[in-house]
Structures are given as C-alpha cells and as structure tokens.
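Everything on this sheet refers to the single structure shown next.
All chains are identified by letter, namely A, B, C and D, in their written order; residue positions are counted from 1 within each chain.
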Amino acid sequence: MADVAIVGAAGYTGQETLDRVLRHPELTLVAVGSDSLAGQGGAALDPRLAQADLPAFVTNADALATPADVTILCLSHEAAAALDAPDEGIVVDLSGAHRLHDAAAYERWYGFAHPRPGSLGEWVYGLTELVPETGRLVANPGCYATATLLALGPIKDAIDRDSVVVDGLSGMTGAGRSLKASSHAGAVLENVAPYRVGAHQHVPEIAQLLGFPVSLTPHLLPLRRGLIATCNVRSNGSDLRSLLEEAYAGSEVVTVLPEGVSPELARVQNTDRAEIGVFDDRFTGRTMVICAEDNLGKGAAGQAIQNVNRALGFEDTVGLRLGGVLV
Amino acid sequence: MADVAIVGAAGYTGQETLDRVLRHPELTLVAVGSDSLAGQGGAALDPRLAQADLPAFVTNADALATPADVTILCLSHEAAAALDAPDEGIVVDLSGAHRLHDAAAYERWYGFAHPRPGSLGEWVYGLTELVPETGRLVANPGCYATATLLALGPIKDAIDRDSVVVDGLSGMTGAGRSLKASSHAGAVLENVAPYRVGAHQHVPEIAQLLGFPVSLTPHLLPLRRGLIATCNVRSNGSDLRSLLEEAYAGSEVVTVLPEGVSPELARVQNTDRAEIGVFDDRFTGRTMVICAEDNLGKGAAGQAIQNVNRALGFEDTVGLRLGGVLV
Amino acid sequence: MADVAIVGAAGYTGQETLDRVLRHPELTLVAVGSDSLAGQGGAALDPRLAQADLPAFVTNADALATPADVTILCLSHEAAAALDAPDEGIVVDLSGAHRLHDAAAYERWYGFAHPRPGSLGEWVYGLTELVPETGRLVANPGCYATATLLALGPIKDAIDRDSVVVDGLSGMTGAGRSLKASSHAGAVLENVAPYRVGAHQHVPEIAQLLGFPVSLTPHLLPLRRGLIATCNVRSNGSDLRSLLEEAYAGSEVVTVLPEGVSPELARVQNTDRAEIGVFDDRFTGRTMVICAEDNLGKGAAGQAIQNVNRALGFEDTVGLRLGGVLV
Amino acid sequence: MADVAIVGAAGYTGQETLDRVLRHPELTLVAVGSDSLAGQGGAALDPRLAQADLPAFVTNADALATPADVTILCLSHEAAAALDAPDEGIVVDLSGAHRLHDAAAYERWYGFAHPRPGSLGEWVYGLTELVPETGRLVANPGCYATATLLALGPIKDAIDRDSVVVDGLSGMTGAGRSLKASSHAGAVLENVAPYRVGAHQHVPEIAQLLGFPVSLTPHLLPLRRGLIATCNVRSNGSDLRSLLEEAYAGSEVVTVLPEGVSPELARVQNTDRAEIGVFDDRFTGRTMVICAEDNLGKGAAGQAIQNVNRALGFEDTVGLRLGGVLV
C-alpha cells in the first residue's frame, strides 16, 4: 500500500482523482486538500462521501506538507506553477504547469510567466502509452492533447506533417468547475461554440511530443463528459491502421476499432478507456483517425492513476475504471 | 400571390417548408401532400395547425398533379429521382436527386442508379448567394454542402485545394424523421458519433461547385437543430477574411462575424440565417473558416424559399425567418 | 407609436424583452439600460445586434430617467424593490418586487425586507388572461406562477383546494444569467435536481390569485428554455375541461389541447404561447391539468408585451412571437 | 458459482443485465439469447464485447432451453407472458408479465389478455428492500414502480391515501430500444412530453404493494438514463423522515439524504443505487418524498441482480454497480 495526498480535490479533476484513489486497492488516502472545504468532511464535497472512509479536508498547503508516497496536484495552471513540489515521493501534476520544456510558451499560451522556468526539465510527460520513460515528477497530459496524441503518436513519422488538421469536441467538464459566462448552462445547452480557435494551450504539448504542431479547432458541446479528437492526415504511403493496431495491441486502455466502426462517446464516458477509429477518405485519399475518450478519465484522472501505477511498479490498469457495457 | 404545392409535407424538411410558406405574404398554399396523412387535416401533423388556414392533406401524387406556380418536393432522394417533375411552373427539389450532373455519382454515393440521368442537366443548383443563374427546375443544396460552400465558395481560388479539411457537426433533425437505430434518442443523447466518414453524399455537390473535393467528417450531435462546418484551409496568400466580407456585404442571410467572434449555433437555430467566423491558426499559419446555420433553415427550407423568391422575382428575404435576439 | 425604455437589458428577461420591443410595430426603443454595458453598442450584448437600429446602452439610472411612455424593469427582485418607479408613464416590472400585497412575505420568501411596503397596493398583477383590471404600474407574473395559474385560475372554484399538487419543470434560463454553481453546465447537463422544494417564492403570488396555496416542487431540467406545470387536482364534480375551454376560447396565446393530446415544450419554445392538456386519472378519479410555456416568453417577455399592449390600448397579441410549426 | 442464461439480451434491460452478470464474481454466463443476433459474437451487440469472454448469441428459445441455475428474462411484456418458464432454477422476469396477481389488469393496462392467468400467483414481486419473501419465480419491478415504492412503501400506513400524487421524470432508455416515433431523437431533444397520463401500467403494481393507487403523471425527459419520482403526500401525523431513515438504515443501495439535500440524477446514473430526499412543504403542510434512481440500474438490472443474489443466498450487493463519486 502507498500513501496518497490529493491537492485541490474539489475541482473536477480533483474529484475524479479522489474517486479513483478511493477505489484503488493499493492506495491509501492520507490527505485531501481544498482551501474552500478545509475543516469539513467528505459530504461537503458530495453527499455520496458521507459514509466513505476519508480524512477531513485540509488546506492545500497542509495536504502538500503531508508526507506521502504520492502527491497528486489538481490545481489551476498558475497555482501549480507557483508551488514548491514536495522533495520526496512521486508527484503527478494534472495542470499544464509542467508539461512544456519551453518556459516562454507559458507566457504566450497560458497567459502567465512561468515562475520556475529552470525546473521544467525535471518533469516527465506522462502519456504512458507513448512515453516509455518515467520519473519522480510527472506532468499529466491535457485532455485534447491525450486524444490527439493517442491518434497521432504512433503514426507521426508516417504522415505529411503539413497536412494535419484536428477538430476537438469536448464535454463541458473539460472547462473546469469555476464559474464563468461560457460555462453557464444557458450558454451551453442546445448550443455549440468553437473557442480558442488556432490558439489553444494544448497545441504546444502536442507539438513537443510529435515534433511538429497541428491545426486544432476546439468546440465545446452540450455534453457532461467526453472528448473526441478527429484527426485528418495524409499518409506518406504507410498503412496507418496497421501502425495504430500494433501500437495498442494488447492494451486494455486504448482500443483500435475494426474497420467501419466509429468511436462513440457513450462507450468511453465514465471510463478511463479510449477508442480509435481509422477511416479512408474516398474523395481525397486522406485518412481520418478519430479518438474518443472521457476528458476526466483517460484525459485526466485515469491517466494520473496510470502514472502512479507505473511510478510505484503496479500493473498499468489497477484501480482504473475500465467500463463494462452499459447502454 | 403565387400558388404553392408541397409534396412530402410530413417529413422534417416538408414541415419546415410548410411553416415558411404559411408565413410568406406572397404565397398561397394550394396543396399539401403526404401519403401517410392523406385525407386528414393539418392537426394530424401538428396540433398547432388546428386553427391554421390549410387545405387537407392529399396524396403526394395528387399534390404533384395540382396546378401550381411552384411545386416544392420534400421527398427521399430515391423517390424524388423517380418522379416526373411537373411540366409547368417552378419546381424546387429539397432532396439530393437533382443536384449532381454526373449520374454515375448517384450509384456510388446515394446507393441507387439514377432513373433519369438525361434530365440532370436541366436542373440549377440553388445556392443563391453563390450561383447567380436560375431556372424553372431548382435543386436545393444539402445541409452540409450549404454550410461548407458558404464558407469556401468565395475563397475557392485563394486556397491550396489539397489542404482543405472540413468537420461537420449536425443536429439530429438532419438525419430525417424516419425511424432508424442511429436516430433513436437512446443512441443520440449524451453521445457523439462520426458517421459516413470520408464517404458522405454531400461531398460530390461541394466538389461540383468548388471544382475540387474536400475531406469531410460528419458528426451527429445530441442537438435538435443546427449545423456547423469547420473548414480548415491554407491560404495561397490572399486575405480570406476580406474575400468573405466582400462576398456577403449587405446580405441579411449570411453574416461574417468580426475578428475574434465565434459562430454559435444558438444564434442561428430556428432561423434561415448563417454566420461565418474566420480565424488564423497561430501555430501553423492555416485559416479556419467556420460556418453555422440551421440545418432545416438555411440548410433546407429557408434556402428553398430564397429559391422560390428568386424564381418568382420577389425580394430575396421575404418570408424568411431572420431571427431576432432570443437568448 | 409609443416610446419604451428597458432597464436591465443584459439579463435573460431583459434581452428577451428587447427582442420583442424591436419587432413590435408600435413601439420605439428610446433607452436601453445596463450597468455592465453602458457606453457600448448593441453588439456588446449580442453580435446579432450589430446592424440593429438601437440606441447605445446607458446606465440603468439613465434609462430610468429617460422620459418614455413605457418603462420595463428587468432587474433583480431586490434592485427593483429599491427603485423609485417613474412618476409618469406605464411601468412593467418583470421581477417579483411588486407582485405581493403582503410586504411580510418578501422577508419570508424572497429573503429581504421590502423597502417600500406601502407602495405594494398600487401595483396590478399582470396576468392578462385572468386579471381583467389594469393600471399604470404592472407587476409581471413569475414563470412558474404563470403556468400554474393558467392551468388553475379558471377552475379554482371547481376543485378541492386541499388536493392541489403542482410539479414544475423548468429550463435553465429560468434561473437567470448570473453565475452560480447550480447554473454551471457541469451541474445541469444530463442531470435533474429539485430545488426550493416546498419553499418557492412563486407560491405566494399563486395563492394570492387563487385564494389558497398549492404544494409546488420545482425541478431544473437540462433544457435551454421552456417550463411545464403539471397540476394534479380533485374536481368537486365540475367538468374542468369545459371550464378551461371556455376560459381560453378564441385566445391566440393559450390553447386548450384536444382530449388525448399532451402539451410539449418543443411546440411553445421560442414563442409567447402556452398549451394546456387535461387528463382524467383512471386510477384515482383525479384530474391532471398540464400547462407548457416558454419561461422567457409567456413566462416573462411575452406577458410583458401583453401588459404593454393592454395599457396602451393595442391589440393583445401585437408584437408577440406566436410561433409557426417548426419541427 | 452459478450458471446464468439471459433471454432477450439485445434490448436495453438485457444489455444492462449482461453488463452486471459479466462483472459478478459468482455468476457464469452460459447462454445469451437474442433472436436478432443469434449466431453472432458479442461484438455484434457492442464493440466493447469483442474481447469479453462470452458465449455466442443463440436464439431466445435456445437460451431458454439451456440448463442454468438462473434464467433472466429481458423480453417484452407480451412475449414474456406467453413463455413457458423453465421448470428448474431461478427465473427473474424483468418485464411486467408476472408482476400483477389480477390477470384482468393485463387487458386493461397492458393491452393484451394474459395467456396464463393461473400462473400469476406463483410469482414473487422482487422489490428486495420492501418484500421479505422470495421464491423460485421472481417478477422484477417496473422502473417507475421501484422509485415510487422505495419512497412510499415505508410510509404507506402513515399518510392520507387519498392525498398521494406522483410525478415521474424518466430518461429515454426507459422507453426501450425498439423504434417508435416518440423515441426518435428529434422528438426527444430539447423537449418534455407527459405521456400515458393517469393510465400508466406501473400504477397497478404500486397499488398492489401499497394497498391503494396513486395518481401518476410520467414525463419523458431528454436524458439518456435516470428516473425521479416526486411523491407528494399528507402525513397522518407521523414523522415520515424517521420512518424512511429506519427502513433504509444500513442499506448500501438506498440512501435517505440529510435534511435540505435534494436527490440528483447525476449521482445515481450508471449505478444500482437510489437516493431519497424528504422535504416539508412550508405552504400546505404536505411532505415531498423524492426518489432518484437509474431506470436501468435499481429500476431494472441492478434490482434483478439483487433478486438473483437473494435467491442464491449471496450478499445483497455483490456484483452491483455502487458507483463512486464521479463528477
């Protein structure tokens, strides 16, 4: 058993991480931080936690100071960037604060100057299917980046880099739990709105792993959870489907669907799985590689647990939500 | 005043056409055809028609045989292709049966051999903003084609043809009123499913007008109405925004939004308007041109009324639903 | 033509009132107040207003001070209660600040002591179908109250007062445009939550008109707009359907549906109409009277326009959105 | 380990039952029947079953003939009523075919004459929290009935029977997977429609257990899953909250929420749990008891597993989906 502290447990990614840690057979929750809920019990976050075996909330500073084998950071980008990471133990950061090696990119795409540019090189980018190395400090990937990279990572050397276009469709929880006009239900219901078109902060981490940028248009959909990245590429002659099938052969997390089968959000929602469909465009010879995930599952908390499992030497999928066949 | 007959009034596009004809100050409805409702009054289609001044439903054959200044066909592709179009008067066909000049394309993309290939050349493609010529027989454009062409038509000579990628996001009414598993609410709610990826039947009409095909991925969304075409292109150096602004200057139907403003479905739903946003991709130098419309408005019945207005010499927008500023 | 000032135009009810005033053939907008938008043009509220013929936004104080034949207040309950109503001209208040004659009720149900209890008797409750008298100062009814009273007003003397149970189902715009956790899309999508159960502030205005309270459970639904009040009553032997049909005979705003036909939100959304269905309970002998409206239409801005029309001597329905037969 | 056969596995309740059986540590699936999928593998129902350890589909007749410790029937009411139940082993019927003791009720409320009226007395009504007895043949309760009875069962002798009014709000999967106009997404999205008002077939099973009927108005909501029964009653002076808290003390399936906390669909969706909230009406002295469940969980497949567990002597909750704290 390993001890875990969660910092920032009251946001969406924090609550989902809490959910996974509580059901993980090898993890013990020793601290749950939330500045807004400090001093209260689990039911203050959610009535379902009334009977759960859970320590009371403490401040984020106290959670961070609690000795633990693993500390999971579920804070805003800027708050996470400003922190002193614990000196000991595994640290997994779900924000974007430590994903980019290029500190200047923070000012341009995240809107703040990184306070510790020198530390960025110490963090490993934790997309476990594509990045073999690990480390004590792990930057958990962004949700759009995860879906895009699962689709494009295994084929990055087999496509025309200049051809890549990605459309992202995300459920609303991807925008976080804080209150803003664009997250108000009246603005979201029965609506679709593209946003941060051509300027989304996940593109730099995609480019860092692929070696080239992609053209991304994110759209917010009136859905609670789930994200689809529709990647349109031109093959350099390789068989893209085969490359993807090889990359994910045997994976319980990422499934390449048979020919003719489309990914569907409903099959990955509330899970830590992802599905990839591959289609030939009969009109132009291009190829569509479409990845569906849950933005809070594989796109956040599920990936964080995979990172914890790898760092601690556990099986990849222990504690994950792998689904079932709900309607 | 001109007399109008609607053939196939009980489907989605038929009902929306009926809605527009009833509110049009220069049109008189003389026949409403529906094989399933023949012999019944308007309330059999919708209780809101109980008090409306409407002839009783007749069979589609009888509606077709009714002398009228304008006959509007709201039938399936195959049924419309099989019909003898009336010898007299304006005919507007909302199906795809007469949009393509190349008869062979019907077998490939629509799944049936066109029964009257020789007649295809007699029909004009009725996208009024882009096609100046008109005629007695008008093929009303498809919903994905309309949004894509409004975005790409004015810039087709200013972009790299090989670069064009289109993502289509459509509300469910775009799939028609007939019962099928993919239109069942249990399959649609809180779900997103790409479909006919790389093989959608609207691509040939897009290619016919542009002169080159595009790579289209259609997605069905859990929305009642509305469609977004997100078109990603590489400019050949031209100022794409200016070309679009010129093309639609003064239009009450198509609006090019100011820089930084995204199209939103909620602003065009239940209207016959379209909105276009233009964005530079800061990472790749590409350009996103995004068009939002109502699939049943500008994407079907609204366009049909524009075609009727043009053929009869009325003002372009008379009888259209131009909206307002509902929340 | 009459001059109109709107105070608080940037909220949901304000924007919908603006929509109706702009399309009303007998009204001229002379002032549009919004403290957050003062000094800006219409496009600051909505891009669709870029070309509209609209004065620039002024502060609410300035809008209130603008001489006008009609002043329409679209403010919070507490802000409206605190105002000096203009001394001249018609005033229609869409908040709850002037609906109740009993000032003590404000402290109990609205959470603030009414600052001008003596003025409450000067206001008329403006539910035009049920309240024949009018006046210079008109309190526009609440959305739940409107639907409940349209269903129960005409039968209030024909039912067992002790038997009345009302379930209210409302779209999210009923909760207003201000940001709060319960209006965040992540809390609303694919969810249903009852709220203010047995303590909703619309019950006192219902009781004031009926002469007895009802037991109301409001539920917030993941819908943009629309409200259903399902009223379950025991008749004292009268024919409730006949009473309702008589009450609304000839109305273009309120329709009593034929036997066996259910009201549907989709038929009244984006309109100022309401539909009522009447059903016998075969198990208990009770009767269900179910009213559907748009919470922002008949439940707010549509009713406000009816009040303006009556006060100025116009036809009841001029300037209303009466719909059509959109799918 | 016990052997299980599922008959009718391709409908919504069948698929959910399959999901629970596959994850149940004490059950082995020996036959999966579906007339439409017979001869195919699991992936024909859902791509997620491609790797699952599952027998191929057989016809329903063959599934029924397969020797098994437990046979679970997931058929239409009429098909289940017409079957010869297996002579051996536990049988759990998820349809309504064996819930009512009074055969005449089938003709009146289900629309068919029961073909085996004499057998109805052999079946036990399997609402495990309220019905202590069990048997070899178990009729699984209806979804509205489950939520209503969980709310009212423990207080049935403490309320005025004449006062009870129930509003039911159900997600679309409650209407089944077969294709009908009212289940078409275009009729469901952004709409609410009451249906079978005062004549729903679940009222007789509610009345059978309570000893008196209730007045039920079902509403179909644009939600994938989940059901709320809002029960409005008048207490005869008893403390209804205490009675409910006692009834469900220690239950892991049914939770009575603390004062002031509302049930929410989002907390029970995709689970086999139910939540009950109790509220005093401050205006009328009535009490609202509101129960939320997943119509396919506690309202169908979860309850079926509880029935299997009891019949086989397992712990009540083994194999159930008890949730977690997903956002």
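One rule holds for everything that comes next: contacts are C-beta pairs under 8 Å (C-beta built on N, C-alpha and C of every residue); 3 or more make two chains touch, one makes a residue touch a chain.
All figures in this text were calculated on a predicted structure; none of them were measured in a lab.
> Any chance you could check whether C-D or B-C wins on number of contacting C-beta pairs?
Counting C-beta pairs in contact for C-D and B-C gives the edge to C-D.
> Taking each chain's centre as the mean of its C-alpha atoms, which one ends up farthest from the centre of chain A?
Chain centre farthest from chain A's centre: C.
> Using mean C-alpha positions as chain centres, tell me how far chain A is from chain C in Å, no decimals.
Measuring from centre to centre gives 43 Å for this pair.
> Distance between chain C and chain D based on Cα centroids, please, to the nearest Å.
38
> Could you give the separation in Å between the centres of chain B and chain C, each centre being the mean of its C-alpha atoms?
36
> Please set out, as single numbers or ranges, the residues of chain C touching at least two other chains.
Those would be 12, 173, 186-187, 189-191, 222-224, 266, 327.
> Can you name the residues of chain A that touch chain D in the complex?
Per the touch definition, chain A meets chain D at residues 12, 15-16, 18-19, 22-23, 43, 45-50, 52, 173, 177, 189-190, 224-225, 255, 257-258, 261, 266-267, 270, 275, 296, 321, 323-327.
> In the complex of these two chains, what residues of chain B are touching chain A?
Residues of chain B touching chain A: 163, 165, 167, 169, 186-187, 190-195, 197-199, 203, 207, 213-217, 219, 221-224, 226, 228, 230, 232, 262-266, 269, 277, 279-284, 286, 288, 290, 292, 327.
> Can you tell me which positions in chain B touch chain D when the two form their complex?
12, 171-173, 175, 177, 179-181, 183-191, 222-224
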